[in-house]
Amino acid sequence: MNRFTRTAQRWVVFVAAVALWELVTQLAEASGAAMSFFFPPPSEIALTAKDLWFSSAFGKHIVPGVGRMLGGWALAGVIGVAFGILLGRSRHAMAYLGAVFNFLRSIPPPLLVPFFVAAVGTTNMQFPTIVFGAIWPVLLNTVDGARGVDATKVETARVFRLSRTQWTLGVVLPSALPKVFAGLRLSLSIALILMVISELVGSANGIGNQLVRAQRDYEPTAMWAWIVLLGVLGYLFNTVLLALERRALAWQPRHSLETQALATGG
Amino acid sequence: MNMLEVDGLGHTYKGKDGSHTAIDGLDFTVGAGELVCVVGPSGCGKSTLLRTIAGLIRPSRGTVSLHGTKVDGVPRDLAVVFQDYSRSLFPWLSVTRNVEFPLRSLSRTEREARAVEALAAVGLAAAGKKYPWQLSGGMQQRVAIARALAYRPSLLLMDEPFASVDAQTRFELEDLLLRIRREQDTTVLLVTHDIDESVYLGDRVLVLSKSPATVVAHLDVPLGPVRDQIGTRASEDFVELRAKVAGLLQGGPVSVR
Amino acid sequence: MNMLEVDGLGHTYKGKDGSHTAIDGLDFTVGAGELVCVVGPSGCGKSTLLRTIAGLIRPSRGTVSLHGTKVDGVPRDLAVVFQDYSRSLFPWLSVTRNVEFPLRSLSRTEREARAVEALAAVGLAAAGKKYPWQLSGGMQQRVAIARALAYRPSLLLMDEPFASVDAQTRFELEDLLLRIRREQDTTVLLVTHDIDESVYLGDRVLVLSKSPATVVAHLDVPLGPVRDQIGTRASEDFVELRAKVAGLLQGGPVSVR
Amino acid sequence: MSGAPRVPASLIGLAGFFAIWEVASRTDLVPGYYLRPPSVVLPKMVTLLGDPAFVRAVVATLVATLLALVIAVLIAVPAGLVLGSVPPVRRAVMTLVEFLRPIPSVALIPLALLTFGTGPDTKITLAVYGALWPILFNTMYALDEVDPLHVETARAFGTGRLGLLRRVALPSAAPFVLTGVRLSFAIALAVVISTELFSGGTIGLGQVVNVASGGGFNMDTVLAGTVLAGLVGYGANAGLEWLHRRAFAWSQPRGDAE
Amino acid sequence: GLLGGDDTTSSSGSTGSTGGVEKAKVKVGVLPVVDVAPFYRAIEQGYFKEQGLDVEPVVMASGAASIAAVLSGDVDIAFSSYPAPLLAQSKKIAEFKIVADALTAKPGHIVVVAPPNSPLKKPTDAPGKKIAITARNTMTDLAPMSVLKTQGVDYTQVEWREMSFAEMIPAMERGEVDGAVVVEPWVTTAMKKLGAVPVFDGASGPTAEMPMSGYVAIGGSGKFATTSPNTVAAFQRALAKAQAEATDRTKVEPMFVKYAKIDQETAQLVTIATYSTSLEANRIQRVANLMSEFGVIKGNLDVSTMIPSSTSNK
C-alpha cells in the first residue's frame, strides 16, 4: 500500500467528521435552534482559534501548562514503570503496597486537591496532580506486563544468574514494553486532562484557566477553540509517542493479526 | 569426588485439582567431567529432574548436592538448554545478543568473540543479526545451544537439545559437544529420546521408569572418550548397549530389533 | 488425480534489513491418500513449504493447487501439526477443549467422543482436564497430534510431529499414523529429521536441498502399505533406502554407515 | 495489581498510609484544621454511613459508575477487537480518537448539562466517555500481542475472521482487557464524582462533598467522602482481581520458585 | 389564549388565590450558600404549598451550572449570583427574567481579608499583591475593584488567584496569597481559623447595599417565565414571606446549619446580610453598570427588561 492511500485512510474519517460537524451546526444556527449559541460551527471556531492560540496566549497560557504536563507525564511514566516492575515481580511488594495503591488510585483526582493543597500549596499543586493521576495506567499495565513474563524466559534468566539490573532492564522491561506503551498512551491524555483540571484552582494562566473563563463568560467559540487545542496537542504528542513506540518495539514481529491479514490478502 | 549427587529426590506438582508426583526417590551421582545421558518415557519427569538440579524448582523431597553442598537456589556456573528452546530465546534481542546476554562479566570484545565462535560452531555464523523469530525451529534450537556453550559452564544441563535438527547437523552437534566436554572438562547431563544418541554420547546412561520417574538402570558405556559417528555406531558394544537400553525402556526383557 | 500440486513454488521473506529466500522453484505432486515424507537440512525451508501449502503465507512465486484448484487462503479439510507445538496449544483451554477446538460443526457429545478417542490414541487418556502448561513437552506434542487427528482432515500436514517423544511412543505414534491413514484415506505430508522414520512411514520421500530449498530427489519407497517396526526396519530395502536418503542429504555420494 | 491476597500485609500497607497522614496532620506539618487527621475522618465516615441520605448518595454514585462501566465495556471491547484486527479501520478511526481522547470531561460539563440535563444521564455519559479509552487501548494492544502461532493454528483449522476474534483473540486478550476495566472503574468513578462536584443536580458523593465544602470547614466530611471513594474503588478492584484470578488462572505467572 | 390571559390571571393570582398556577411542580436550582436560607425556610414552613406550589430544590455546584440547568429547561428557576445571568442576557443567549432578588450585601458580608502578618494591610497596599478570589468577573473581584477604583488605587496591578473558598485559608496561611476576597460564612471562618483581619469591605462606597444574587427564569415564547406567570407570582409571594422573616436570626440560622452545612458555632457569628423583599430593576441595574464599567459586559444592559411583567412586588 502506498503512502498516499495510507495518509488518505488516516484522515478520511476525521475530515468527514469535521464536515458533518460543520453541516449540523450550520443548519442548527440557520434554523435558530435553541442551543446553537453554545455549538458554533468549526469554521468559526477555527477563526477564533487562530487568533487565540497565536497571540500572547501562547507564551502565557500554553507553554507553561504544556511544559508541566509533559514533565508530569514523564515522571509518572518513570515512577509507574519502576513500581509496576516491583509490584509485578515481587509478591511482598504487592502484598504490602498493592492495597495502598489500589486505594489511592480510586480517589478521584478532584477530591485529592485538599491533600495537595495541604502538602504543596494551592499554586504548586498542578504538577503533583498530573503525576498522581497519570501514574496509574502505566503502573497497572506494567504490573500486568511484568507478571506476564513467559515462564521459560524467567527460568532462562535465573539459570544464567542475571544481575538485578540485567533481569529488570533486559528481560522484564522489554517483555512488558508493549503493555507499558499502552499505559503511556493512556497516561498522556490523562496528563493533558489533569493539566486542565489542575489549572482550575489557584492559577492565573493556563489552558484550563482560559477554557473555564471562556465558559463562564459565555464565549463558546473561545471555549471550543481551547477544547480543539487540547485535541490538537493530544494528537501531536500521541503521534510522537507512537513513533517512539515503533522504534522501541521494532523487534516485534509486527503485528501478528495485521501481518496475517496482509500476508493472506485479507 | 562427585560433582553432582542426587539423593532421594522427589517432586510433586501441586495444583488446585489434585497434585501430580513427577519424580520419586531418585538416587544417582555424576562425577566431575562426566557426560550422563538420561532416557525415559515421555512425561516421566526428566525435565522436572533437570529443573530441580538447576535449582529452578525446590524439590518436595530429597536433596541435590553440587560439590558436596546442598543446592538451594540456582548454582553458579550452570547452563541449561531448555526443551522449549523457542521460548527460552529473548525475542527483543538479535541472535548474537541472545548468545552474549549471559556473558556480562566479560569485556565487550570478548563477549562478541565468544558469541561469534559459538554461533559458528553450531553453523549459524550468518544468522547473528537476525531475530529469533526469523529463524527456523532447528536454528532457534542451535542458538540456545550456542548460548549455553558460550557461557562455558562447569555443569551443562541439556533437555533434548538436538530434537529439532536434521540428522546431519545432529551428528555434527553431538561431536561438537563431545569435543567441548573434552576440552573444557564440562560435566554434562543430557536428556534425549534417541537411544542411539544416549549411547553414542554418554559415559553412562540413566534409564528412568514411567511417571513418577525412578531409576530403572544406570548403565556404563565403555566406548572410550573419543568416538566417531561411523565407527562407534557400527561397533558391537554400541549395538548391544543400544538394545539393552531399548529393552530397559520397554520395561520388558531385553530384545534386539 | 493429484491431490496436491506444487508448481514453481518459491517464497522470499521480506525484512527491513534485506530479504531471505527460503524456498525456490519447488515442483512436486502428491496423490490422494499418499503419505509423503519431507526431509532436508535444518533451516532449508520445510516449515515454510508447509505454511504455503496450508495457505498461511502467500508464496512469492509459483502456485499450490489442491484438487486442481489454486490455493488462496486456507483450504478446507486441512489440519496442521506445527513444529512449535507448545505455542500452538491454547493456554486458556484444557487439553480436551484444545482437541475439541476445531470440531465446531459437530454436536457436543460427538465432539467429546472424538476428543476422548484421539487423546486415548496418543496415550493421554488421563490428561484431558489438565492445562497445556501442566504437561511435559512430549505430552504437549501429542495433544497437538491428537487435535489434528480428531479433526479427521483429508490433508494432514505435520512438521516434525514426533520430535519430542521417546522412542517407544514414537513407534506407537508412527503406527497410529499409518493405521489412520489407511482407515481414513488421509493424504499426509510429514516433515521429519529422522531418516529412518521418513523411509518407514513414507510412500515417497522428498529430499530437499540446503536453503533456499529445491527438490533434490523424489524417492519411491516400495515397502508396501502395511509395515511393522521390527520387520520393516530390518528389511534390506529399508536399509538401502535409508542409506540413499542419508547420502542425498549429505549432498555427496551415497554411503552406508 | 492482583497478587497474593494476604490480608494482614495489605492492611499493614494501608495502616502505614493512614499513620503517615495522622502524624502529618497532628504535628501541623500540614494545616491540621484543613487536612483533618484520619482519627477524625474515619469516625466521621462511620457516622455518615449511618445517615440514610449519605448512603443514598453513595449508592447513586456507585450505580452510575457501574452503569457507565458496563456501557463502556460493551462499546470498547468490540471496538477494540475491530480496531486491533482490521488495520485500515484502525488507521481511519484512530486519528479522530486521538483528537477526542485528551478532551477533559470536566470541560464538557456545561455542554453536557445543556444537552443531557441535570439528571444522571450527564454523569453517566461523561463517565462512559472517560472510561472507554483504557478498555479500548488495552484491547487493541493485547491483540497486537496475540501469539501469531495461535492465530495460524486457528486459521489452519478453518476458523474464520469472526471465530478468530471470538475464540482466539478475545480469550488471549482478556486478562489485559480486564486490567483496562480496572483502570476504567477508577476513571468512571472519578468522572461521576467530578461531575457531581462540578455540576451538581443529581445526588451523589460528589454533591455531598461539594455542599460540605461550601459551608465552611467541613473538611472532615470532605475527607470522609474522599476516603470512602478510595475504599469503594479498592473494593471494586478487589472484586475484579478475584474475577481475574478465577477466570484467567492460565495466565498467572509461572517460573518463580516459591 | 395563554398569552392574552396573562395579566388578568396574574393579578388574580396576586390576591392570594392558589387555583391559577399553570405549573404546580417547580424545580429550582440552588447552591449550598447562605443566600438561599429563606428559600429553604419557605419550603420548611410550607409557604410554597400555601401558594399551591410543589417546589423541589435541585442543588447545583455553581452559578454557571445553575444557569445551564435553567437554560436546558431542567429546572424552572435558577438561583445564581447576579453577574452570570446578566452576562448571559447581554450575550442574548436567552431572555432571562429575574424572578426574585435574594440577597443584598451589608457591611461584613463580602470582605477582603488578609492573614495577620500579610503585607496587605490597607487598600493602598493592594497593587502587586496576590489576592484570592473564587473567579474572575464575579462579585468577588468586581466589588473590591470598584472600591479600589474609587479610592484611586490602581486595581489593574492586583494579581488575582482563582480558588475555592476552602482553599483560600491554607493558601493565606502558606503565604501563597496575600489576601482573599471572602463572603460569609468564610469571613467568619477565616477570622476564627487564621486570625485573618479585614482589609476593607467589598460592599462599601460604590458597592454599598449591592444586590448580590437572585432567582432567574427563562422567558420567551414557550418558556417557563412566559407561560407560567401565575406560578412565578406564587413563587415570589412565598419567597417574599420567608425573606421578610429573615431579619430574625433565629429563623435563618437553622437553615445555615442544615442546608449550607455551616457549623452551629460559626452560624451564630456570621453577619447576616439583607434578604430583599422587593424586586427593583434600578437596584439590580447597579450590578449591570458595575459589570459594564469593568468591561465584563460590552455596552449597556437594561435590567428593567429582565423583570417579568407579572411581578407582584412593587
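We call the chains A, B, C, D and E, going by the order they appear; numbering starts again at 1 in every chain.
The rule we apply is simple: contacts are C-beta pairs under 8 Å (C-beta built on N, C-alpha and C of every residue); 3 or more make two chains touch, one makes a residue touch a chain.
Here is each chain with its UniProt name: B, C = ABC transporter.
Remember, it's a predicted structure, so these values are computed and weren't measured experimentally.
**Student:** By label order, what chains touch chain D and chain E together?
**Tutor:** Common neighbours, chain D/chain E: A.
**Student:** Report the pair of chains linked by the most C-beta pairs in contact.
**Tutor:** Maximum number of inter-chain contact pairs occurs for A-D.
**Student:** Can you grab the rotation angle between chain B (ABC transporter) and chain C (ABC transporter)? Superpose on CA, round to the nearest 5°.
**Tutor:** That rotation is 180 degrees, given to the nearest 5.
**Student:** Using CA atom averages as chain centres, what separation in Å is found between chain B (ABC transporter) and chain D?
**Tutor:** Those two chain centres are 49 Å apart.
**Student:** Quick one: report the Å distance separating chain C (ABC transporter) from chain E, using the average Cα coordinate of each chain.
**Tutor:** Centres of chain C (ABC transporter) and chain E (C-alpha means) sit 84 Å apart.
**Student:** Centroid of chain B (ABC transporter) to centroid of chain C (ABC transporter), CA atoms only: how many Å?
**Tutor:** About 26 Å, centre to centre.
**Student:** Which parts of chain C (ABC transporter), given as residue numbers and ranges, touch two or more other chains?
**Tutor:** 56, 74, 84, 87, 133
**Student:** Please list all residues of chain D that touch 2 or more other chains.
**Tutor:** 31, 34, 110, 114-115, 147, 152, 155, 197-198, 219, 222, 251, 254-255, 257
**Student:** Give me the residues of chain E that touch two or more other chains.
**Tutor:** 64, 71-72, 164, 166, 170
**Student:** Which chain A residues qualify as touching chain B (ABC transporter) in the complex?
**Tutor:** Its residues touching chain B (ABC transporter) are 150-153, 155-156, 158-163, 166, 170-171, 174-175, 177, 251-253.
**Student:** Within the complex, which stretch of chain A touches chain D?
**Tutor:** For chain A paired with chain D, touching residues are 6, 9-14, 17, 35, 38-39, 87, 91-92, 94-112, 114-115, 117-119, 136-137, 139-141, 143-144, 147-155, 158, 178-179, 181-182, 185-186, 188-189, 192-193, 196-197, 200, 208, 211-212, 215, 223, 226-227, 230-235, 238-239, 252-253, 255-262.
**Student:** Across the complex, what residues on chain B (ABC transporter) touch chain A?
**Tutor:** Checking each residue of chain B (ABC transporter) against chain A gives 51, 54-56, 74, 76, 78-80, 82, 84, 87-88, 90-93, 101-102, 104, 131, 133, 151.
**Student:** Given the complex with chain A, which residues does chain D contribute to the contact?
**Tutor:** Residues of chain D touching chain A: 1-4, 6, 9-14, 16-17, 30-31, 34-35, 84-88, 91-96, 98-108, 110-111, 114-115, 133-134, 137-138, 140-141, 143-148, 151-152, 155, 164, 169, 175-176, 179, 182-183, 185-186, 189-191, 193-194, 197-198, 206, 209, 219, 222-223, 225-226, 229-234, 236-238, 251-257.
**Student:** Name, in rising order, each residue of chain D that touches chain C (ABC transporter) in their complex.
**Tutor:** Checking each residue of chain D against chain C (ABC transporter) gives 147, 149-150, 152-159, 163, 167-168, 171-172, 174, 248, 250-251, 254.
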